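Chain nomenclature is as follows: A, B, C, D, E, F, G, H, I, J, K and L, assigned in order of appearance, with residue numbering initiated at 1 for each chain independently.
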Amino acid sequence: MDHIYKKIELVGSSPDSIEKAVENALTRASATLRNMRWLEVVETRGHIEDGRIAHWQVTVKVGFTLDE
Amino acid sequence: MDHIYKKIELVGSSPDSIEKAVENALTRASATLRNMRWLEVVETRGHIEDGRIAHWQVTVKVGFTLDE
Amino acid sequence: MDHIYKKIELVGSSPDSIEKAVENALTRASATLRNMRWLEVVETRGHIEDGRIAHWQVTVKVGFTLDE
Amino acid sequence: MDHIYKKIELVGSSPDSIEKAVENALTRASATLRNMRWLEVVETRGHIEDGRIAHWQVTVKVGFTLDE
Amino acid sequence: MDHIYKKIELVGSSPDSIEKAVENALTRASATLRNMRWLEVVETRGHIEDGRIAHWQVTVKVGFTLDE
Amino acid sequence: MDHIYKKIELVGSSPDSIEKAVENALTRASATLRNMRWLEVVETRGHIEDGRIAHWQVTVKVGFTLDE
Amino acid sequence: MDHIYKKIELVGSSPDSIEKAVENALTRASATLRNMRWLEVVETRGHIEDGRIAHWQVTVKVGFTLDE
Amino acid sequence: MDHIYKKIELVGSSPDSIEKAVENALTRASATLRNMRWLEVVETRGHIEDGRIAHWQVTVKVGFTLDE
Amino acid sequence: MDHIYKKIELVGSSPDSIEKAVENALTRASATLRNMRWLEVVETRGHIEDGRIAHWQVTVKVGFTLDE
Amino acid sequence: MDHIYKKIELVGSSPDSIEKAVENALTRASATLRNMRWLEVVETRGHIEDGRIAHWQVTVKVGFTLDE
Amino acid sequence: MDHIYKKIELVGSSPDSIEKAVENALTRASATLRNMRWLEVVETRGHIEDGRIAHWQVTVKVGFTLDE
Amino acid sequence: MDHIYKKIELVGSSPDSIEKAVENALTRASATLRNMRWLEVVETRGHIEDGRIAHWQVTVKVGFTLDE
């Protein structure tokens, strides 16, 4: 009834976009975490090679329920 | 001459991207607000369903002129 | 051996997306800066014209090596 | 479908508790705002008289939908 | 009895000083807002032309009562 | 001798009070975590229904020992 | 006429509630400080024993006048 | 030789300007504190009456030496 | 077309006022920097001598264009 | 290929130095965590006994890969 | 029973290390303060002479009990 | 007379300690920068290899005079 959540912090990465970097983190996490509900973007960074962004690195906090 | 602005805080959402979530907030606001000039992204969150991002939720502050 | 980096702060802009705004800043900087390694997004803003985002303005800190 | 919210900032007060101060702000706001959905506590202060807390003052951001 | 306040965010500007920029925002706001009680300076910026400050831009939060 | 702690982030909720929301998170966590020592309140939110707070949602960091 | 205040930082504690922890700090301080006017809650923590909150620890800044 | 400083927090006020509000706090403090060395502006607020700033309230941290 | 800016951090000082301290920083910078566009006040400090403010020290970030 | 990291928060302690406190946290964590890559110092505290630092307590976030 | 603490802010300095700078502040404070319990590092700075660190300056908050 | 400073951001690294990482940054910078006066530690990180800290990475802001 009274929901309890846990939040964990993940860093996803992608050469394509900020959104893809987040989605990659979720895809990896969903293998072990059921019931993810929301995420909050905490930090956005990029790794640079040859003057261009090789991949985006996005840190997110993910909230999931503990109460089933 | 000396411009005066007001800033309000909106949350837009979109299943597609962070940029689209912001644009959706502006489209809705432009029905009542004329003279919007700039926005600042304050917070980026995502709503998750079935391990994937169902929609992005982006909080922005929007500045508009009060001086016409 | 012990790497030393300098970080500078740039603002890039683009009518298309947040990612493009960052890439435009890097492209301009790479003309004078070699060895850029990473960036951190500091602030995301948008310039609004006629109720729509005319261009995104993204402030980044860029780290590059000083030690060759 | 894609929900749009506006957030406003209110300060409620109560001699009794932090929770009551927030509820008083909501009660007053509900006279003109329909569809309030969530709040975030931003700041908690107290006014002191004769060495005791005369009333609590709690600043909240309240989010409500703009999309009906 | 238990006072309820609303806070709004304004940006005032003036070529003369930080204080004048704030006062200009209040003068404009007082046309529609009665019962303003306090302000908090949030951000101070300046617009530069020809190497000199053309005008100061000061963002303030203004609190006013909702309870008469 | 030299204690090592881990900190995790939980969100508890309760219709009654901020304190109860925190206690509910601890009760749930104590089923799997022994040796919790302290908590820090990180964020306080409320879910609103019909103009009233349906439940408080409080995010806490909980520290517990790793060293027995 | 022009009031001058000093602010000090106290940590109060109570097994009962956040509000009581603050009041306990004020009671102790009022023995030596006259003319306390307001307080700001800076941090809220809890000490945990046997999986339950043994006491709340609340840090407040207290402002008092220096001008009589 | 190795200097040790203490920092205290004061709030000064003045109807005239931000600078005067700070100076008033220092004047009052200098009656009991010798060896003040620097200050940091922490917060700037204003008290409003009849739509105009009645006085500025500026919070400063003042550092002074403990080592004579 | 798509403007690119660089931001640098300067500390200006003046015995007279916060505004003058900022202007002194700009005057010095304008000898080598063309195309300064805006500044943001980051920190305001004061150096104290004999219980009075000997000079104000104001840290600003200055943005200037890189694209001519 | 696209690396995914998880970040956890640990508190290490040592009577000797800030660096040793961090190393003690890593030593304990390395028993169960493989592939730790970097850490960020979040908070530095000290426990005092008899007017001297009995041990340093340093909170770190540790990032490790999830993708083997 | 319910402990009440006061926190003060000190700046210690040392030519040797960050830890020594903190210890120097505690040594000086222990002459007048009994019952110091913990400290929190707030800011770390260094004074530079001839391209080298002449001394470290570390700002700490120190908590001590008020209740014997 | 009125000193003007510029602040730049450097990241130094060292396998030995936080202090050494800062000193390495200064040594490198002193080859091109005269008149460095102070530094502020902004961020402390560590690079981990085989469960141990391979080197510390410390970000500092360095202030130096522009006015000779």
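One rule holds for everything that comes next: contacts are C-beta pairs under 8 Å (C-beta built on N, C-alpha and C of every residue); 3 or more make two chains touch, one makes a residue touch a chain.
Worth saying up front: this structure is predicted, and the values here are computed from it rather than measured.
Enquirer: Do chain G and chain H, two copies of one chain sequence, contact each other through the same residue numbers, with over half in common, or through different ones?
Expert: Mostly different residues.
Enquirer: Please tell me the distance, in whole Å, between the geometric centres of chain F and chain I computed from their C-alpha atoms.
Expert: Using C-alpha averages as centres, the distance is 44 Å.
Enquirer: Centroid of chain B to centroid of chain E, CA atoms only: how many Å?
Expert: One centre to the other, that is 22 Å.
Enquirer: Please tell me the distance, in whole Å, between the geometric centres of chain D and chain J computed from their C-alpha atoms.
Expert: Centre-to-centre distance between chain D and chain J: 38 Å.
Enquirer: Quick one: which residues in chain H touch 2 or more of the other chains?
Expert: In chain H, residues 8, 17-18, 29 touch at least two other chains, as defined above.
Enquirer: State which pairs of chains touch, listing all of them.
Expert: The set of touching chain pairs is A-B, A-C, A-F, A-J, B-C, B-D, B-E, C-I, C-L, D-E, D-F, D-G, E-H, E-I, F-G, F-J, G-H, G-K, H-I, H-K, I-L, J-K, J-L, K-L.
Enquirer: If you look only at chain B, which of its residues touch chain D in the complex?
Expert: 8-15, 21, 24-25, 28-29, 55, 59
Enquirer: Where on chain F does chain J make contact in their complex?
Expert: Residue positions touching the partner: 2-8, 61, 63, 66-67.
Enquirer: Where on chain E is chain I touching in the complex?
Expert: Within the complex, chain E touches chain I at residues 17-18, 43-48, 51-53, 56.
Enquirer: Taking the complex as given, what residues does chain I use to touch chain E?
Expert: 17-19, 22-23, 26-27, 29-30, 36-41, 60, 62
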